[in-house]
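Both complexes below contain chain A, partnered by chain B and then by chain C.
What follows is the complex of A and B.
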């Protein structure tokens, strides 16, 4: 990576964050209250969806956020987009603090931060025509009307690879990939700086995934877009990302530039995820040893003490359940490759063997 | 609904979008409504019901024309030609009275036509007002949730739990029976069921990703309600409304039958039926024809509502294509516990047994 040091770092303290970051998330916490039903509602606990997460994305770059279902990726995205209020922490966008702004104050920011949603079927209103859906951003921000808007919409449709003559069709008349292109066009309409892609290709066929990913890459190059790219497909993230952050139970376990993280993962969870990704080459697949994690993801209402991964970690020792490991650069790694682990994985270490021994 | 700045703005955009949509219909087709109409056309029962309704509406509109043919205005009694020697009504076809006369020697056919005007007017007006109110209340309750929802939903439940005849009786006594009171009372009971359905639908639509997408674009609550939620509500509300018209008609007949509705000498089906009670042993036509008018009208609306609901449910297309009968589809629909069939359960909670009387 040829990035300046602070820029390439995905998780950095507020102090050393350079001015070239488009987005900085500082110590973000998002708890959802768990309430009892009935007339008098008592809060009996909190779902700790995002717990003390810091990250930053340099202008024009892509941060891939990976993690399994329930790790808090989407919650983090919605907090950054200002769709749900954060419990504490800050979101700095383009030098401005946009944390928990009122709807009116958020309006100008909405033009610069857009989202692409996961499900191309439920993210488009089935009762509205495609022209109206893509024209929505113009209508809401009153930037153009009538024929001018129609022209803009058709330009956008052409830009994302849709036939502009299909302007009057309903979403149901399009395939999944085309629908996702509609979603991309809608996000692109106001020429945003940041696009948050919440698993934009998870619902698509693999061949269609590549088309949409290539479209996103082209758009990034042409418009100098910055992406926060959320996925659970590690290969997709490797393809699109400049840097990667791995989330587990609301915390970041490991983050850093793409290649070091993929080549030598230091967190046992990252190593396990990477070993679980299917390989295209059957010889490689046969030779490879998978790290089988035991148990399920614990409840985010009552997360484990210390390192949140310790109940499932093949390397866990007593200290892991008591002390929370700081997110820091480990010996031998580049300064931007950060890992939150007491016993980071060494190069060549075979966790698959360690996994067979009973973890404490 | 108060006109806020946001709303005014969205109405402005509504106008321009409307223009786009009209443009759209020319080039592309096959909107939800066209598909619905296409399916409805296949349904012979629904089309027959629609024709019957149109005929009834036409007859009601043309009532004065029939008066000029028969020369029997609705409120004029004909003691000489309209009653026999014993003072009883004359039968159908006698002395130019097509369907006979009523207890005071008035032309029954003409009175049934004028009664149809009242019934249809009450049916359409109360349903329209009820639907608008129900949509507003349900949309607000479902969309905003929290305190607003608690208040509105509890109020809706209270209205639904109210014994409607008791309230109607009380109001008619206090305010004096009149067409306005009738419309008010029926509307008061008709919006609640619609509001409840709309609230439920809103709650489910609210969670869809396209609502979140609209919010992420910066759309305000009123814009989201009007542009994103309302279009999805129109189908169920239309079905409910079609099924509600006959209920309102029967309700009006019930109130008039009890003497609390339309006051004599204005003709109303319920009123005619109440008078006919005294003559049913001697003059069968006096009871049968107004009762038939009521029965045919409500049946036609119910069958049409059924057909519209089937046509709007995309799943029925498969069944139609397979060439299966209407009866089988009905049975299947009850098994599928979805929102659409829930409509039926809510749509007919209080059909008073007026037909039989």
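What follows is the complex of A and C.
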């Protein structure tokens, strides 16, 4: 895991067997201090938003990051994008260590890492014209001006399925789906290598959601883009991802190639999430054994000891509260399918019976 | 006679930009112990519809009838409505944080409502009832949590508190407006489980408004699919999911990512929902419909029976037998299109294709 530090700008040590990872996150930790109010501000604790997370995304592929509110998935994304500094650990992007770079050193990297945000209503300045919004990246990075910039912006608009003649309109004149296309065009402007999509379709209606997902798939194919795709909708993640990582309270509970994780989840939390996701099919819904977890996600300021999932886990035993399970391949799984659990779910095991107790 | 019988309900809002025709002639019934799922996208009128039933749309022009247990809800004055709202028809809203008062204790808010509807209940009795209700909806240690403020509750617990409040006066009907949309998947499953259990216990009628077809598949008995202020299709749940007749319903089902086609192309519905101020002519779905006929441009279809059992209704000009996702139905639709699509409809259809085609000729729809 910990190779010698590769200096910024130099070629990295060929670390991985797979070799061509665009992004590698190594043992990332991100704590936010919790301070008291008043004159003397003392730090009384930390929100352990991301705690020792490692993952990698091969070039041109999509990693789906799944987790509930407070699981740390958005914090992880922001750390990868360099928007907030990490507490410890490393982010390797395209062979370079970009962890906590200075603003100046980060600048060229920012062209290659772009974000698409969840809410197409609040992520676009309502008082600026669409052409100016999409043209911002060109202005900030001083890559083009005037008529040249306008031509580039209109090309982008056409590429994402917007009418280039609407260059002078305001965001309010577009529907939700079209606004999300504006966000995509802006992210695409500087020909990035990595696009971090933070819940890009959750605010859209289903019929529109499919339009945007198809667009993202086309762009990935045409420009060999790499996506870090965050969503809470498991069907959407299954649709777009090559591999999946499931986060719970700042840690990865399970990760691996899409199909094994979805077909035979080994972590009880993954199994519960998959069973809880509503299926748009009455017979499936009726036949399914839903695992109803008890309680809510605990506070990341004071996470449970041992396995963080143990207070809600239908399979928990004494050891789960004492020892943190390592993230490792379990017997019978492919080597890339990793699970952090002392008692991984076996094929055909029915957790619903154990889980369907009185809510606590 | 159903518990609630809504007939030809219309709701419109006069605004500076024109009249917003939010609901345009919707009829449906709900019986005790049954669940009606109302599905639709933003702007389909599903929320306005139910808020109107409860007198929560001041300033609206309302037409039609809504008989609840024999009383027309649309004719009640404010005082009469207050006796029904909360006591006989309860509502659960989407966002439990904004529907609880942040400065009052959760228990106080529940007992206040009990006392408001029944003056003979003492403070102690109401408080005891609040504790009992919180326990019933699965709040741990309710005797202590009853004195918490809403911010001390998690999202799931707040929604449970809202449900406790809705149950406080044993209503005959509950209207749940996107009750699980703001919640995480595992918590959503808990809440749906709870609603189903409570409904079975007390034979309550439930109207579930949602944009999530998965929730409907789980919980509904009948489903009404709304588009641009009208019912596009209304049928028992299985008919809607397995033999949809209206192209909008079919489009919705096909645009959901499913495990069988992971990684492949999705089939979105081209375009976006119309403005309720400036509605298209004829069938309001025709500018997005793949089966548009000449007739659709001028005549708006009403709900009509498409099945022999007499329950499945759809507002579409396609032949009655053109229901379902199978090949036979698709052939019938294609044949109808060949016969019924003239030049005008062809133009509409070509505009849709242009919308759905990517810049490099890849068909997105």
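Here is the rule we use: the second predicted complex is superposed on the first by the 337 of 360 C-alpha atoms of A that agree within 3 Å, B and C clash if a C-alpha of one lies under 4 Å from a C-alpha of the other, contacts with A are read in each partner's own complex, and residues count from 1 in each chain.
Just so it is clear, contacts are C-beta pairs under 8 Å (C-beta built on N, C-alpha and C of every residue); 3 or more make two chains touch, one makes a residue touch a chain.
Nothing here was measured: the structure is a model prediction, and the numbers come from that model.
By the touch criterion stated above, A:122 is placed in contact with chain B alone, chain C being left untouched.
Contacts of A:214 after superposition: chain C is touched, whereas chain B is not reached. Number of chain A residues touched is higher for C, counting chain B against chain C.
Contact with chain C, but none with chain B, is seen for A:177 once the two complexes are overlaid on the shared chain. Look at A:150: by the touch rule set out above, it reaches chain B but stays clear of chain C. Shared-chain residue A:278: touches chain C; no touch with chain B.
In the superposed model, A:83 lies in contact with chain B only, and not with chain C. Of the two partner chains, neither chain B nor chain C is touched by A:93.
Once the two complexes are laid over each other on the shared chain, residue contacts for A:234 go to chain C alone; chain B is not touched.
Listed in rising order, the residues of chain B touching chain A in the complex are 9, 13, 16-17, 19-21, 23-24, 27-28, 30-32, 208-210, 212-220, 223, 227-228, 231-232.
On chain A, the positions that touch chain C within their shared complex are 68-69, 158-159, 161, 175-178, 205-211, 213-215, 217-218, 222, 232, 234-236, 238-240, 258, 262, 272-273, 275-285, 290, 292-293, 295-297, 358-360.
Per the touch definition, chain C reaches chain A in the complex via residues 41-42, 138, 140, 154-157, 184-190, 192-194, 211-218, 237-238, 241-242, 251-253, 255-259, 261-263, 265-270, 272-273, 358-360, 362, 364. Note for the complex: chain A touches chain B at residues 78, 81, 83, 103, 106-107, 110-111, 113-115, 117-119, 122-129, 131-132, 135-137, 139-142, 145-146, 149-150, 167-170, 183, 186.
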